[in-house]
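So that you can tell them apart, the chains are marked A, B, C, D, E and F in the order they are listed, and the count of residues begins at 1 in each.
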Amino acid sequence: MSFWLLLVIKVGVIVGVVVMPLVLGIIFGELKISAHMQSRIGPYFAGGRFGWAQPLADGLKFMQKEDLVPDAADSAVYRLAPYVVLMGTIATFVIIPFGPDLIARDLDLGVFYLLAVSSLGTLGVLMAGWSSGNKYSLIGGLRAAAQLIAYELPMVLAVVAVAIQAGTLSLNGIVEAQATTELFGLNIHLPYVIIGQGLGFAIFTTAVLAELSRIPFDMPIAESELTMGYLTEYSGIRFTMFFLGEYAGMIAFAAIGATLYLGGWWIPGFSADDNLMNFIGPLVLIGKVLLLAFLFIWFRWTWPRLREDQLQTLAWKWLIPLSLFNIVVTAFFKVVF
Amino acid sequence: MIEPPSEVTETSFESYAAELGESLGAERVVARHDTVRIYVDSQDWVQTIQSARDNAGLEFFSWLSAIDWSRDVAVGDPVENPEELEERIEVICRLSSVENGDGAHFVSVLDIEKPAIDSLVPVFAGAEWHEREATEMFGISFTGLPNTDHLYLPDSFEGNPLRKSYALLARAVKPWPGDVDVEAMPDASGEQDQNEEQTMGEV
Amino acid sequence: MTVIDPTVAMHLSEAAVSVELETADMTINIGPQHPSTHGVLRLVARVDGERVHDVNPVIGYMHRGYEKLAEVRTYAQITALVNRIDWVSGFANEVAFISAVEKLMGLEVPDRAKYIRLILTELTRISSHLVFMSSYPLELGATTPLMHALREREHVMDLIEGVTGGRFHPNFNRVGGVKPALGQGASTKKMSQDLPAGFLQATSDAMDQVAGVCDDLDELVTGNEFFQARTVGVGFIPREKALEYGLSGPNLRASGVNFDLRKKGEMVLPYDDFDFDVPIGSNGDCFDRYVVRLQEIRQAMKIVRQAVEKIPAGPLQAKVPRIIKVPSGQAYVRTENPKGEMGYYIVSEGGRIPYRVKIRSASFSNLSILPWILEGALVPDMVAIMGSLDFVLGDVDR
Amino acid sequence: MILTDWFTMPENFVYSAIGVTMLATAYRVVTTRNVVHAVLHLVAALAASAALFLLLGAEFVAWTVVLVYIGAVIVLFLFGIMITRAPLGVETELSHPRRIRIPAAIVSFALFLVIGSTMVGAFKDDVIEPAPQGTMEFGITRTADVGQSIFQRFVIPFEVVSVLLLAALIGAIVLARKDPTEEESEATGTMR
Amino acid sequence: MIGTPIFDVFSTLLAGVNHASRFNDGGALAAGAWMIPVVPMVMAFLIVFFGKRSPWKGWVMATGTMLFVAIYGMALFLMNLVEGITYQGSVWLSDVGTTAFGVLNVEWGWMVDGLSIMMYFLVGVVGVLIFWYARGYMEDDVRYTWFFASFTLFAGGMLVLVSAPNLIQLIVGWELVGVSSYLLIGHYWEEHQNSSAAIKAFMTNKVADVGLFVGAIIIGVSVGSFRFSEILGVVEGESGDSTLAKYAFWAGLAIFIGAMGKSAQFPLHVWLPDAMAGPTPVSALMHAATMVTAGVYLIGRLFPFYMNDLFASDVRTVIIIVGAATLLLAGLLALVQDDIKRVLAYSTLSQLGYMTAAMGAGAYTAGLFHLFTHGFFKALLFLGAGSIIHAVHSNNMSDMGGLRKYMPRTFWTFLIGSFALAGIFPLAGFWSKDEILASIQYDASHGGGAVASTVLVVAIIGAFVTALYMTRTVYLTFFGKYKGDAHPHESPKTMTLPMVGLTIGAVGLGALNIPGITTWFTDSLAARFVAPGDHHATSIEWVLAIIGTAAALAGIALGYRLWHRDAAIQRDRDTFRIPVLYPLLENKYYIDDFYMGNIIRPVRGPLARAVDWFNSHIIDSVVNGAGYLARGLGKTVYLFDQRGIDGVINVSGFAASFAGGMLRLFQTGRVQHYAIMIFAGTVFLVVGLIIF
Amino acid sequence: MLINQFLLLGAALFSLGVYGVLTRKNAVLVLLSVELMLAAVNINLVAFDRYFVDTEAAGQVFALFVITVAAAEVGIGLAIVLLIFRVRKSANVDEFDLMKL
């Protein structure tokens, strides 16, 4: 089997078998979790018990809606934007390891690739904002771009600290490094969030919230100010794509966060070489992803949003200095020990 | 029938009204129904209100509006004795104190043909919307009002709806059943009669 | 008494500096259909990036001409109109109007009727403020308080509905008293006939629920750093400006003015009998306006609990003629509506129909400060400030 | 190497696809009549160049192009254009009139001919050889090697470039910020 | 061995401490002298960051620093007076490796010898007094903390310069001084003229710095090292055919050009008067101790190089001429200024001319002694001027007058400073100026020839002019009627106390070096690695001293004649004529009566009338004419400075713009048209290359 | 793969960039065209790197440097355009003719 064919199959399997169901699951989870947080029942009827098929029903409903292109819009760009957003997100799944061998392509510059590809989403958002021919959309797009630029930096810097500690950029390498990190020379192996990168994890999580435009950083689509930001004019299947892109992005970043800080497919107590990991690894990673996704959902339904300038202040005055400090500390310990 | 309402409610209220009117140099002071009306010449309008704010402690701007006293009434009831009525437009501004709840209405009588008066905006910035409303509703022109765009009505609207001469279009098409409403219901039951008897009898 | 912190104004200006890139001005129409305008309000805002240069509010989309309509309707009919002015606090609108009529007629309302009016007014206040408690965090992006606050509001609405039969538009006041319960005479002595059975217990339960949600809100919203970041120091209204623009109600009190028509001014309802405080803000920013309203809910609950205990027996209505004719005269009566000073200036020339009714609604004056306060604000602050003024477009447009 | 041989190699198909895309989009960059479209076409052209780098095994360069160009530079472009209000639709005032376009086309085509003929003359049909053992893995340059090269041999250019970036950063800030207004300067008194 | 515990820590941290040469160990004190430049530098940055929160918003930090420097400098100075210190410590910061001209190392070091100790003392003591004064002067300034940060940096930069054991560090300090002077001159940058003055000072210095760089490079390449000890070592052990000797003239000239820039020698003096745009404490420090002395210091540092006949001794002719020209021209300019700070600025120029001329005459001790004493009394004068400006809110003497009554302390200290500057007998200025005159005379008789003789005359005229303008200043400021609008008042104690302190220095420091009696200063300066090789007076040159004093007294006398009257009338030029002539005319009649009644009446002849005529016309007009001539000459020089020199520059600018105007006919001004041509040219070039 | 196929592609891209620089009126578009030229240079650099089999990957390193410098150039360039836009209310290079004054 050729290299490329294998790659396509792997990506297909990961996206189709793991990611998309996970997306639907997380959408459903958000519906239910938010309902319970607000003393509601949430979806109840679709699919029989618990309304489990609600995301599917929503998707079907969206597909039946008219795909509107406003008169004032720049049609070509307007139509292209959702694909760009979705593409950037989907492409990240190429390097997410679900097990020692369950990885589409273990690039030796994995984290770098990840950051490169995830920045494509910004482009899509700007395209959507500009091409809609709507001032709310434009402001939303600009806010999104400013926000993504501002938060890409702390994210990169937080990841750099991990790369320093692990000594590699490869995501599988990072997982293995976590599995072999020794605590004080004892034979205890723990994920980076406990050893060394607690601050980094906090910075990473904050930056991810901003990258995903989720509350408290959802200014680009702040509905009370900008109606729906860059999504204002979108309807039907294209809106669904943005929607899927958002949740797929949530999973992607949750998976990356889990890999970088929580040990990925590895759980303490097991050896990274263990072939068993190829079987339980995906489940472990999905469990960690769900944990992080729950965290995002939890924030989403409890906090109000910040203001654009407060967001920038947070990024430039707090997160970036903190992440630089984190790098320095990490490098120091890396050199000393 | 109904006794006329008591003229004087409290002496302190009366004296307060008199004092206030005197201190502000009012033309006439009317104090009835817990409501003080201080008549001011339209020339002294802004000055009096400023002095009421600065000296009399009436610093809270409540509202500003007008009354159209007119013999020609298109809708609603006319005044009791139309022939005796002096046709005029009264501009009313309500100020109150936030210290003790006192308040007074400042009234200025304007010519009904060309009602005009100085704007209060320099004294109370909040008067702008009230004056815009009075402008479009009564056709009063406020000298110095920065923005005279219609506040409520569409830009193309013509006429001054709160003038008594302005007919309600709906009323012209279909008379309001209000005229019959207060008549006895066709199938008024005995219970109602009983009620009526009770109330009417005692009054 | 109250100290207005000058640093608050500084915070506001600091926040405004951060967007510095010069861009072309853009005119944005916010509304008439927009999530944060509470109805059909349109703001023509000239913005430069995120900075608002000036704002021109366009109102009148809901103008129903109540003042003109009132000139062709009998007093009883007008009662049905006025409770639609501010629809989230319908009952409170009626009280002032009816009181003005009663003042012109020189009627003395029975105590029990006054107490019922008072209880319902305070319940309406709780309900109105709970709507604010739900919508304001929503405007800042927090969705959960909406559900919590509206859920407890239902209990209050149930109480109102149980007494008056209407949830929003009770139309419960009559000249000289309140409407007797269905099938009952006006001067009944029996309590069960005007207030529904178990009203006491139901009120007490509902108040417990509301107290619970107030505590929830304190934890979920008041103490939230993000909420404070968005509201503290934002939309600062100094005392002088508040008075100049005729701001009233919680907005005025948040600016440090101790002025509440329940404590001062003509007392049409027997608030003297109760022990309660008037919460006063110190900074006049959005956060203070929020906190003042939250505290007012608690004070209103205190009043309701006392009133339900103290309510005297007696007739519900004074003796009034079947056909209500008001002697000629002019009277202005104002009450403390949840939104602020609600006043009616009635000019009667004798007869069944008023010669002129001037409706002074709180939201109109509260909203008129918008062009001043929004000048130089940021777009997100615009929403925060607008929401904190808690206006209802029916109350603005009348 | 004859043409048929060339076409039997699969990577040359990939190359052809990339090359056509690149030239087409680059052509649109210089001719389109909408600024935002030009930028978006540039994205495509640069993405094609990144693909070309992948084809050449320069993975790190390729993803750097994506990260820096597409993720940052282009976003900056779009941001700058949109914040100064890019119009939707077609603008006429973007290119010079034909009077200038034609000589420009002639000059640039001549330039292409000169460069092309020089290249053809110099390298004829030389083939890109497989890399020696140790520097490549599956035909892909190891990132670690690039890193070592940067931080050993080219460390001084690296530092210079970083200083340049810093200077550009400060310069851009200085250029783009507003001057202090008159009131600010009047606020401070002078005494000698 | 290394003494202080602090230094132990330091040396442990930086293991590469090298004690290159320690001839006469200054002990712990000298070894720890690295703190003198380092502490102000560090503190400058600390003030920037923490100053606003520290007591007195950074003033305490700044003045504390200077106090430290002053005490340290004083200790070193006393020690040096007693036994003479030569110490050189250095830390090798980096070993760059072999370069085109040998092994080049970057060294941070500190020199402790007579010359640098003198400068430490001067900068420290004058500095701390000025810093003290600045608290009162700058009280309401918006950038108060920033001012003290840059001020500390200014002093720190000078100390770096002074402590430098090599040319590279000296240039670092040199540029630090330049940068911080730029910051300080432009302190009130809101006014355009101030910021342009700052730029002017900076740019003029930069032009001169090119000279310094060129010189430094020539020397460095020739010697293979930038260290003074090695350069001077080459000079000392000269054989005449070293590489340095071949290029010595050019190197010496280039370095002197650098010194001309910093020390504001004609024609590079233009920045200094404009530099008065800065706050007065800055002017004081700049003129007294830090910036302008750097050039003289540099020549002093390389003095053997300039003295040695095999090296740059020819440059000394240039130096002495430049110095003499500066001293006279600047002195005359000072006569026509209205701005009090400008008078003092031109006076500084003139005095720097003295120092430079002395250096050129080979009088190492004399030049540096004048630098030393001048530092005190010039700082005193500037602080006095600042105090006056503070009181009357104007710089112009036409707004002053009569301040003697309002500001007695300022008046007396200023008067003493003026006398010191004029060189009146027991004050410090007398001794230093006298020493210079003696040195020039010595040079004239020992190979200086006609040039030195002329310079001696010029220097004496300069003394006269100095006294003249200082008298004028004092009169216009303190005497007559007050002409300003503000309400003058005595300055606060924080400002007057430093002035009193400086007065003590201005009075007493001459005693350090009274020829034939005390040789403390000479001895202390002689503590060097390489002997300076100068001549210094061993006994008072009575003739010169009398001539010099006479010139000064004549200046004062003339000034008294010209300006002692009500200054309000004096400054008006049209009425100027009358008050000078009037008493003389009146006198004529007195004399006439006298002679008529007692002598002439018996004689009765034309002789008496001729004598009378001669008396009233010739003698009076000579006296008057001298005054006018001085003023006129000053004005002419001023105009030449403004029109002539500036005109040349303008003409060249105009020529360039004219040529450009011609050329622009060939240009469209559009980048893209040029670009087309460039690319087309490239194509043609390549095609041509291929074809041919 | 031939070395020339990359070099010719680079030359074509470069020429297109030159054409853009010469003909575009809008300053932003001129900057874009410059980016095209730099991209062409990068292609050549990487191709030569592979062709000459450099063990130190100098071509790639220099391509990275070019990218970095291009980023700096865009930052400054856009700032200048923004400044000119602010002063002259236009981004038209024809109006940047101060060189002619």
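Here, contacts are C-beta pairs under 8 Å (C-beta built on N, C-alpha and C of every residue); 3 or more make two chains touch, one makes a residue touch a chain.
None of these values were measured; they are calculated from a predicted model.
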Looking at CA centres, what chain is most distant from chain B? E
More Cb-Cb contact pairs, comparing A-C against D-E, go to A-C
Let me have the rounded angstrom distance from the C-alpha centre of chain E over to the C-alpha centre of chain F, please. 52
Cα centroid separation between chain C and chain D, in whole Å? 61
Separation of chain A from chain D, taking each centre as the mean of its C-alpha atoms, in whole Å: 28
Separation of chain B from chain E, taking each centre as the mean of its C-alpha atoms, in whole Å: 84
Could you say which residues in chain F touch two or more other chains, in rising order? 18, 22-23, 82, 94
Residue numbers in chain C touching 2 or more other chains? 21-22, 26, 49
In the complex, the residues of chain C that touch chain B are 59-60, 63, 65, 67-69, 71-74, 77, 103-106, 185-187, 241, 243-248, 252, 257-259, 261, 264-266, 319-323, 325, 327-334, 341, 343, 345, 347, 349-353, 355-356, 358, 360, 364-365, 368-369, 372, 397
Contacts from chain D onto chain A in the complex sit at residues 34, 36-37, 40, 43, 59-60, 63-64, 66-67, 70-72, 74-76, 78-79, 82-83, 86, 88-89, 137, 142-144
Can you list the residues on chain C that touch chain A in the complex? 15, 18-19, 26, 28, 34-36, 49-50, 137-144, 146-148, 151, 220-221, 224, 226-227, 229-230, 378-383, 387
For a test of understanding, state which residues of chain A touch chain D in their complex under the given definition. 72-74, 77, 107-109, 112-113, 115-117, 119-120, 122-123, 126-127, 129-131, 133, 138, 141-142, 145-146, 148-149, 152, 169
Residues of chain A that touch chain C when the two form their complex: 34, 37-40, 135-136, 139, 142-143, 215-216, 218-219, 222-227, 301-310, 312-313
